[in-house]
Structure formats: C-alpha cells, structure tokens
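Below are two complexes that have chain A in common, paired first with chain B and then with chain C.
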Partner chain A sequence: MGLVKTFPGRGGLLGHEPVRALRGVDFSIPAGGAVSFIGESGCGKTTLGKILTGLESYDGGTLAIDGQDVRRLPAGRRRAAFRRIQMVHQDPYAALNPTRTVAQTLSDPLRMRARELSRDQSWIDGRSEDLLRMVGLDPGFVLPRYPHMLSGGQRQRLVIARALTVDPDMLVADEAVSMIDVSLRLGILGLLRELRRELGIALLFITHDVATARYIGQDGDLYVIYRGRVVEHGPTDVVIERPVHPYTQCLLSAIPVMRGLEDAGPERVMPVSDEMAEETPCLFAPRCPFATERCRTEVPPLSHSGGTPQEHACFYPVPRRVVPVDRPVTQVGAGPRG
Partner chain B sequence: MATAETGVQAASPGTGEAAVRVRDLTVVYATARGELPAVAHVDLDLPAGQITGIVGESGSGKSTLALALLNAVQRPGRILSGSVQVAGVGDVVTLGRRALRQARGGKIGYVFQASQSSLNPLKTVGKQLLDLGRSHDVADLRQLIREAKGLAEEMGLDPVRALGSYQHQLSGGMRQRVGIIFALVLNAHVLVLDEPTTALDMLSQALVLGIVRRVHRERGLTTVIITHDIGVVAELADRLAVMYAGRIVEEGRTEEVLASPLHPYTAGLIAAIPRIVGDPNRSRPLSGRPPDLTTVPPRGCPFRERCPVAMDVCEVEDPALVEVPGGRRVACHARGRGVAVR
Partner chain C sequence: MSGLARRLASRIVVAVVMIWIVASFTFFLVRAIPGNPVQAEYETLVSQGVNPAQARAETQVIYGFLPHQPLATQYGHYLWQLLHLNLGKSISYTGTPVSHIVLSAAPYTVILVLSGIVASFAIGVIAGVLAAVRRSTRLGDVLSVSGSLLHGVPQFVMALLLAYLFTTEWAIFPFGAPYDASIPVGFSPAFIGSLVSHAILPVAAYALSSYGGWLLTMKSSVVSVLGDDFVLAAELRGIRPITRLRYIGRNAILPLFTILALSIGFMFGGSVFIEDIFDYPGLGQLLLQSINRRDYPLMSGAFLLITVAVIVANILADLLYGVIDPRVRKG
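Let's turn to the complex of A and B:
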C-alpha cells in the first residue's frame, strides 16, 4: 500500500474537487543510492519530496526510514529520523534568510550539532569552512556575505552546505537546478553526484528534465509519475532507451534534438491533447495516442506484463525509440579556419 | 585597434534577404560608474522567413537586444548608437513615437518571458485584445476578435474560452500561447519571443515550440527566440547567434554551430548540457560565471578568464567578429587552433 495524499479543493479552474496528489505510490530508496522522480508540474512529485522530509503529512500508506515506520516512532525519534533527510529546494533565493550572513546561516544548525557532539565554537567555525569548501565555495569570500551578494549558483551551493550541517543520509533535490542558468547547472549536479560518491549520501532527484536525472543517477532507478500514480519504474537507462508507457514516451520525445549532433528518435510521440481532462481509469488515456476502450474502463496495474524489465501501468506495453540518436562524429561546415 | 568597432567593420553578415538588419547597435545603461554598454556594436541580420535563436547567459545582453529590436529599451537604458532596419518599417531607432507604436504589434510582435506576466490580471484576454486594437486605431474590432479566435484555434486553444479567461485561469503553456495571439493578431511579420519556455516543463515546452514552428511556417514569419538554454533552439532555429558580454561571439547555421562550434564559449555552452544519450560524463560544466555590466573587462576578450584556450593577445585585444567560410561568423583570437567540443 503506497503513499496517499489528497488536498482539499481550493477553487480555481479545477473547482472545489479534492486534489489527489498521490494515489498510492510505492518506492524505495537504497542507502547511498540515487532515485529520480520524473513528471510534469502538478504530478505529485513535489508532495512526495515534502512527505519524505517531514514537511507534509500523508493520508494513507506507510513511510519507513531505516525500516522503521515513522508513524510508530515517538515524536523525538521521528524528528531525528526526518532530520536525516534534507531538502534542497528549487528556489535558493527563497530558501535563505536574507538578513543572515553565510556564517550565521551555517552556524545556527551547526551549534545544535555541536551540542549533540559536545564540541565547541572552534569546531563550528572549522566545520563551516569545511562544508563551504566541500560545496565549492571559498570560505574567505562567502562567510561574511549576505545571500543577495551571491549568484544563483553560489546560493544553491550554500543551501546544499546548510543541508549538510546535520550530516544527513539523504538529500531530496526538488528541481534543484531549474532556476539556474543552463551553463551553470552541471556544476551543481556534479556536486550532488560527488556528495553521493564521497559521503555515501543517497539522492532523491525530483525533476521534469530526464537528462539531468540521468546525469545524477544513471546507475539508479527512475520513477515516472503521472497525476499521483507511478506509470513506469525501472533502471534509469532501461526506461530511457526502451520506454513502454506512452506517457514516458511523450516525456522523452519532448527532449529537443541537438541538430548536427543528434537525429530525432524514429518513433517520437506527442500527447493528443494538452489539457488535464476528466479522470479515466487509466489517467493518461485522454491524452494517449494509443488509448483504447479498455483504458477508459479498467485501471492498468503496475506490473511487468509483456515480460518487460521495468514495471509499467499500461495494457499495451510497446517499447518505442523516442530519444534522440547520437550522430557519428563528423566535421560539418567550414571547420575552424579563419 | 583593441576595440569592437574594428571588428564590426570586418564583419559582413550576408545571408539572403534580411527582414531585420541590425547595424553597429550599442545600448547603454546608466550606472553609478556612468553609462555602460549592455549591447556593444552588434551587427546581426534576421533572414526573412527563418527562425534565429539568440543564446546567452544571464547578463549577456540578449534581452536588451530583443527590446532594442522594437526600440523599447526602458530607462535607465537607452540606445546609444546604431540602427535597426525592419523591412516595411524603416529604422526603428529613429522612428517617431506614433509610428513606433504602430510598428510594435503591427509589424513586430513581442512575447514576454513565460515567467513574467504581461497580461492585466483584472481584464479578460478578449478585453485586452480590444484595448490593443484601439491603441492601434483598428477600425474593425470584430475582425480583430475573429482573427484572434482563428489564432487561438491554430494553437489548439478553445477560442471562446481563451478570450473569456483571466490570466490566473490559464496554465503557463496557455499564457505563452495567448502571448503569441497578442503578438500576431495585428499581423506582425516579425515575432520576437523572449525566453518562451523558461517556466514550463518539458512537455509544455515541446508543445509551445511546436506551435511556434507551425505558426512561423504558416504565416511566413521571421522569428527570433531569445534563450539561455541552447536546447530550446537546438531543434527549432535555423540559425544561432551566441551572445557574451553584450557582443555576438558566434553566428551561423544551427547544425553547423552545434556540430562544430568555432568559439570556445559556444563549445562550453554545448558541452554543459546533460545529454540523454551516450556517456553522461562527456558533459562538462562551464567554469566561472558570466560578467555583468560592471565586470566586463574594459579591454581584451571578455571571455578570456573562463576560456580554456586564452592567449596573451586576448588580454589586450577584443577579438573582431569576422566572417569565416561557410557563412559563419566568430570573434575569437584562437580560431584556426582547432577548438573542439567532442
């Protein structure tokens, strides 16, 4: 029985219908592993991240951290369990207090940690500098500065450093690079990979961009989520190279082709409609180019039906080649001569 | 020499008929240190009927350039010198206020960033279309609404619902499409889109870009897409212009620029994109950060501090944007030394 979360309706276009953010989502994240949740905005992936970090409650299902159902833990131990999972938000501007310097931003949580470990102020100072260096910031430069004096990329690095103050076992990165210039994203993504490799910190990477998820966790699992339900789940490269759920195929088809370097996948598909339509048993049926009557009368269960290596929730699992294909290396055009 | 001006004279972009011809355009912003250039001596042709992608990081001057195409740079900025010749309009830099207002929307349509909202939250889309028509002295407002409904339908929107909606009732992708209706309803033939997909997820982005491609073709537009993400224009644009520190540092046909970038900055931008195929570790971050108005070095190549192939000459001389065989242009002292991405 997976996680369930329903929000009461809040008006707007969707009316006062309750919003079913999660409809029974099962997943597990191995210690030190990398797992990605992929989906459009509103699919429930952000709610999942919040539940995992204790920022949001859930209405059904169980959440176990280190094998222990957090609802059965006494309050103190529950807080401690959630503290081991830290969140890196999308917006590093909003995540930082503008009136606190970098030194203050780090020393607050470190002071708590110092008490637990019976350390003194010099430990806090040293640890601040170590953490900043670990995330690629120059302590001498950033410590006296306020968040607004840093670039977007530097701020996101600071948010990660602050998350590390409590020695977490896992980071939840929710669209952690989407507000940063494309040119600087890879630096942050590389940092997250490094933290996993060097410190064994597990990563839950939440994004709409499959290519960044692959960069972070090529060796991990990918969950594709549609309207609160997992529609496909398997090893990252299996799902990318041989996706069987039409929704996954649409998401992957949406990746722009780098002309000159790549050719379009030969079987690209697009949704037949972009509107969130009425709920049908298969939630994707109204937008699916391959839907049949069965999809509108019966819920496709998550299974390996058709003998696929990945789990999927589709009655007609057909692998399609939708991602761009690398072109062989050739020199095009004039070449580097002036 | 050591100035961009020499470079500009050496360059002669020539790719068929241009719908927009930008010459020696310099746009400055007033700062505590005096007026500093956000766009410096830019020469650029937007070939008629083609899609041009203008790519650059934050602060590269790409959005300022886009605004200058409509002579719409806001204070504390101003166009210092140069010209923007738009076919059927003339030089928008010297146009009078009234003629300029007619040109904006009438000849050149502009769609603002997806993340910002250019719509009035208190009026329906239809009411704002009527306002637009009145400000442009459109005699037949019914015809204007018919035209808008036609555009809505072309873009897969329910016309009645779209025109009856308030901004908050529209999703990000829908707002972009409504933005395109406003840009094109007065029959503009040049369409400028500033970061059209920034706040959108992948599927909505693909949808909006697909619509841009279709409308572009069906209406025979000349289209400009401003973006920080090469991926957004990698598939769609016919040509790419790469901006850095207010200058165009490379320009050419999209597949050629992507397959064999001539400028190390272009190469760095391409390499920094995580790819969906091949070894993910071939993607590499671009080091350093882009300069802003106040940190652009007063002389030499503005990219040299982040450049893997910088030489002594780059410290003192700003490289000229020069034409190389194959209708491409590049501004780099190291060209000919073989700057390879892959």
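Let's turn to the complex of A and C:
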C-alpha cells in the first residue's frame, strides 16, 4: 500500500475539513536513479518530499530505505537512514543560517562526520574546500563570506554542498530551481545531473515545471500526481511525448508555446472546470472533458490497461500529442532563408 | 576593525550632538518656565535684604549662569560650564554642586536598571524560547499567559504590590535605603548582602513588569525562525537538538536587541516611580524631589544625566547589534 497522509481538520465554527495530502502513493527510487514528481500546487508533492526526508510523519503505507521499513528501525538507526536522504530547498536564502559564514555552515555537519570517521580538523577543512569545488564555487572566495553576500545561484550551490557534507545516497530537490534566475537554472540542473553521474546520488525531483523534470530525469521515471494520488507513471520521455491520462494531458497542454519555433501540440486538452472540492471516485472526473458515468462510480486502478508502456489510472487511455512540437526548419518565419 | 572604529566615531559625533540638543533644551526650558526661577531666586535674595550686586552674584553661582546678560551670552556660558562638567549648585541642598549630588545618586539607579534589564531579558528570553518550542503543551500556555498578564501590569502597580506584600504583609525584605546603615560600608560580605537584599524588590519590580514583553516578543520571533528551511536542513543533517536551538536562538534574538536599546530609556523613566515607592535614593527619586522643591539646577542635572545614560546605552546596543548580526556589519 502506498503512502497516506491526512492533515487533521479542525472542528468548531471556523473549522476546516481534513486535508488528504496523500491517498496512497506508491513508488520506488532505484539507487542512483532519477525520479521526478510533477503536479500542480497542493497535489501533495511537497508533503511527499518531507515524508521521505523524515520531516513529516505519515498515516499509512510503508516507507522502506534500502529495503528496511523505517518504522521498524530503532530510533538511532532510523535517524541514520533518513540522514542518507538530504534535501535541496526551494528558497536558497531561507535554507541558509544568516548568522553563520559558509565555513561555519559546512563545518558543523562535517565535524559530526569527522567524529564518526575519526578524522581531524584538517580533514574538515580539506573536505569543505573539496565540496565547494565540486559544486563549482571558489573556496577562497566563499568560505569567509555570509550567505547574504552570495548570489542566488551561489547560495543554491552552497545548499547542495551542505547537503553533500553527510555523504547522502539521495537528494530530494523540492522546486530546487524555481526561485533561481532562469539564466542560472541550467547550471544548477547540470550540477545535479553531474552529481548523479559522478557520485551515484539518486535524485528525487519535485516540480511543476515539465521542462526541468525532463532535463533531470530523461533516463528516469516520471510520476504525475493529482490530489494525492498517482495518475500516471512511466519513463519520463514516454509520459511527456505520449501521455494517456487526461490530467497529464491538461498539465502538458499548459506548457507555453515558443512562437515561431514551435507549434502547439495538435491534440491539446483543456480541463472543463476548476472545481476541486468534489470527491468523485476518479478525482479528476469533475474537470475531465472525457469523463463518463463510470468515472463517477468506480475508482480507476493504476495499470497498463490498453497496452500502454506507462502505468495510468484512467478507464479510457488514449495517447495524445499535447506538448509543443518543433516547427520544421523550412517554415521558420519569412526571413531571408524563407 | 577600522570599520568598527569609524562606526564608533560616527556614533559618538551623533551622541555629542544629541547631548547638546538636550542640554540646550534644558537651558531654554528653565528659562521658559513661568515665573522665571532665576529671576525669582534673585528677587527672593533681594527681599531677604541681600544687596542687588551680591544677590546677582549668588544667583549666578547657584544656577551656573548669568541672569542679566543677553540670552546668547548666558547660553554660551552655560555650555562652557557644562563642558567642564559644572552643572551649577543645588538650591535644596544648599551650595552642594549638582554634579556631586547627581553622581552620588547615579550608581543606585544604574545598578537597579541594569540588573532589572539583565534579569528580565535573560528570564524572558529563555521562557520565550520554551514557550515557542513547547507552544502546543500546557507549559507553553502557562508561560504565554504569565507573559501577557505581567505585561499588562503597570510598573508602579507592580512596585506597590511587591512593597505591600514583601515588606508589610510578610516582612521578608527590608524597605527603603539602599543598605543597612548599621553595617560599615566596605567590601564585606555583610555589606554586600545588605546591598543585595535592599535591591531585590525594586529590581524584581523592574524585571517582572518587563519580563512579559521579552517573553512574548521572543516567542513570536522563535516561532517564525522555527519554520525556516535552514532549521529543517539542520535537522536533516542530524545536527544535535542543542546546536539547532543555538541556531534558532541566535537568529530569533536579533530583533530583540533593538527593543533592548529602546527599553533602557523606558527603564530609566520607570525609575521615577519605582525608586519613589521603595524610597530608594537613585536618580529617579532625585528628579522627583527636585521637581517638588523647584530645584531647577538639580532637575536639569538629573535630566541631563539620564539622557546621557540612555544615549550611551543606545550606542552600545547599536555596536553590539553589528557584532551579533553579520548583515548589519557592512554598509
């Protein structure tokens, strides 16, 4: 059974309904692999990242790290297991302690690590410099500085270096580039890809941006989440090129088209309403242009039905081409070559 | 380091200007008070049969300025005397230099105010961290409510309550005077013990009335830092809770230093009530006495000293803030 998380509602006059953030999300991340979660805001993807790093509890399902159910581990070993999963936060400024220099920021976790490996201070200093070089920062420049003296891109690189101090096996990147200048995003994404290739660190990439998910997880899996449930899952390129679930299709249809260079996907799908509150068996049914009576009476299971290469939770899987497609070169504008 | 020196220099220039403004204000205020105390003193002396020239000379000695010169000359003379720390002579303590009276009262107030601030700040901040970390438990609720309640009690009510409860109802602590007159003054344990036991109630009045403010401010500050990503990140890396609490405390306490600087002035203001209620011979009581006796030189002297103390405290807090918050250090 997949992970379940419900945030309790509050009773009383101003009370609110419980929020069902996760309704049984099943997934696995292979060692050194790359997995992306995409979905609109509020779909539960951040909650998922927090559960994976041990910052949030869950109400149902099993979370296993290295095949071991973390709930069955004694507290000390559970903490050690969760420490192998580190997080790269969305806001690189809030993620750094403003009162500590870069050197101090790195030395606290490294000192802990040095104790475990019985190394001395010189190892800590050397390791700080290695980590900074690894993420593309100049140790001589950044070590004595405070976070507010660094740029957004440098800060995010520092956040990644800090995550690496405890030698993690996996990084959870929750919207890790959405607050970085567009011009610097590619650098950070490239760095994450490089860490994966060279250190074998698995990546869990949580985003609402299809392009970054595609860049990071080209050889990995993509999970599309809608209101706390996986609606489609498969190899990243397959899901993006030939999505079968109408929600995925709506999500991908919303990608902006670069005019002149691309054409809109020929079979774009738009949701028929923005209604979210209704609890129908297929949660997407109220907004789905293809929904039938069956979607309102029966829960569609996650399956390969219809012979699709990816798993999906739809009774009527039809692959549609919805992402923008490159325009043939001969058609580019009315320029000199035209 | 040169940055700090430059910062200090600019602060001192500002402080000197502020002290000059306050001194000028005091000078003109005494002049503007209806009945002109200088003239009144002169006329009193004349009516007592002193000849006008001698009366003028005596008035000048008392007030430290010259009653029949043009205002500008008087003002210049006053500032010149001030530069030599000559604040004139007291009327009620006939002939005693004001600077002498004021300086002998100052240590009591400084001790009261400083220990009151340190005690309330330390207890309030620690209780505030506890109240924030345990905010969903009974302990957190009790602490917060205690903060709100104490914050709502005015300083003089708190002082009266303490004085009534602990010197009259249960005579645990002595009342009035800064120490027991029967014990010889000196560095003996008996004398210091007596000094402490006499100071406990006024200090407690200070501390209890400002504790609530520190607690509530620190609590909200800690709560806002608690949710910051860098705290979560520290938790992820397995940093020990005590170290995490240090990270949180260091960041949460920053805004409180500004309030600390402001509260020093507030505390000096409060000394008027507290010292009066406990009959404690500090600056506050001196100020009140000088007002009652229309002792203008003493009044302006006490006023000036309190102002200087507040300005100096603000400079210290400002410099300290630069040391504590690296973001302020440059620029």
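What we mean here is this: the second predicted complex is superposed on the first by the 322 of 338 C-alpha atoms of A that agree within 3 Å, B and C clash if a C-alpha of one lies under 4 Å from a C-alpha of the other, contacts with A are read in each partner's own complex, and residues count from 1 in each chain.
Criterion: a contact is a pair of C-beta atoms (placed from the backbone, for glycine too) under 8 Å apart; a residue touches a chain by one contact, two chains touch by 3 or more.
All values reported here derive from a predicted model rather than from experimental measurement.
Under the clash rule set out above, the superposition-derived model of chain A with chain B and chain C shows the two partners fitting side by side.
When both complexes are overlaid on chain A, the residue A:Gly187 reaches chain B alone and has no touch with chain C. In the superposition on chain A, contact of A:Asp125 is made with neither chain B nor chain C.
Of the two partners chain B and chain C, it is B that touches the larger number of chain A residues. In the superposition on chain A, contact of A:His89 is made with chain C only, not with chain B. When the two structures are aligned on the shared chain, A:His148 is found in touch with chain C, with no touch to chain B. Residue contacts after overlaying the shared chain place A:Thr53 against chain C, while chain B stays out of touching range. Angle at the C-alpha centre of chain A formed with the centres of chain B and chain C, after superposition on chain A: 70°, rounded to the nearest 10. With chain A fitted onto itself, chain B and chain C come no nearer than 9 Å, counting C-alpha atoms only. Shared interface residues of chain A, touching chain B in one complex and chain C in the other, do not exist. Those residues of chain B that touch chain A in the complex are listed here as 57-58, 156, 168-169, 173, 201-207, 209-210, 228-232, 234-236, 252-260, 262, 268-270, 272-278, 280, 283-286, 289-290, 322, 324-326, 328, 330, 335-340, 342. Contact residues of chain C toward chain A in the complex are 228-230, 232-239, 243, 247, 250-251, 254, 324-327. Residues of chain A touching chain B in their complex: 12-13, 40-41, 151-153, 181-187, 189-190, 208-212, 214-215, 218, 240, 250-262, 264, 270-271, 274, 323-327, 329-338.
Interface residues of chain A facing chain C in the complex, by the touch rule stated above, are 53-55, 79-80, 82-83, 85-87, 89-91, 94-101, 108-109, 112, 146, 148, 159, 162-163, 165-166.
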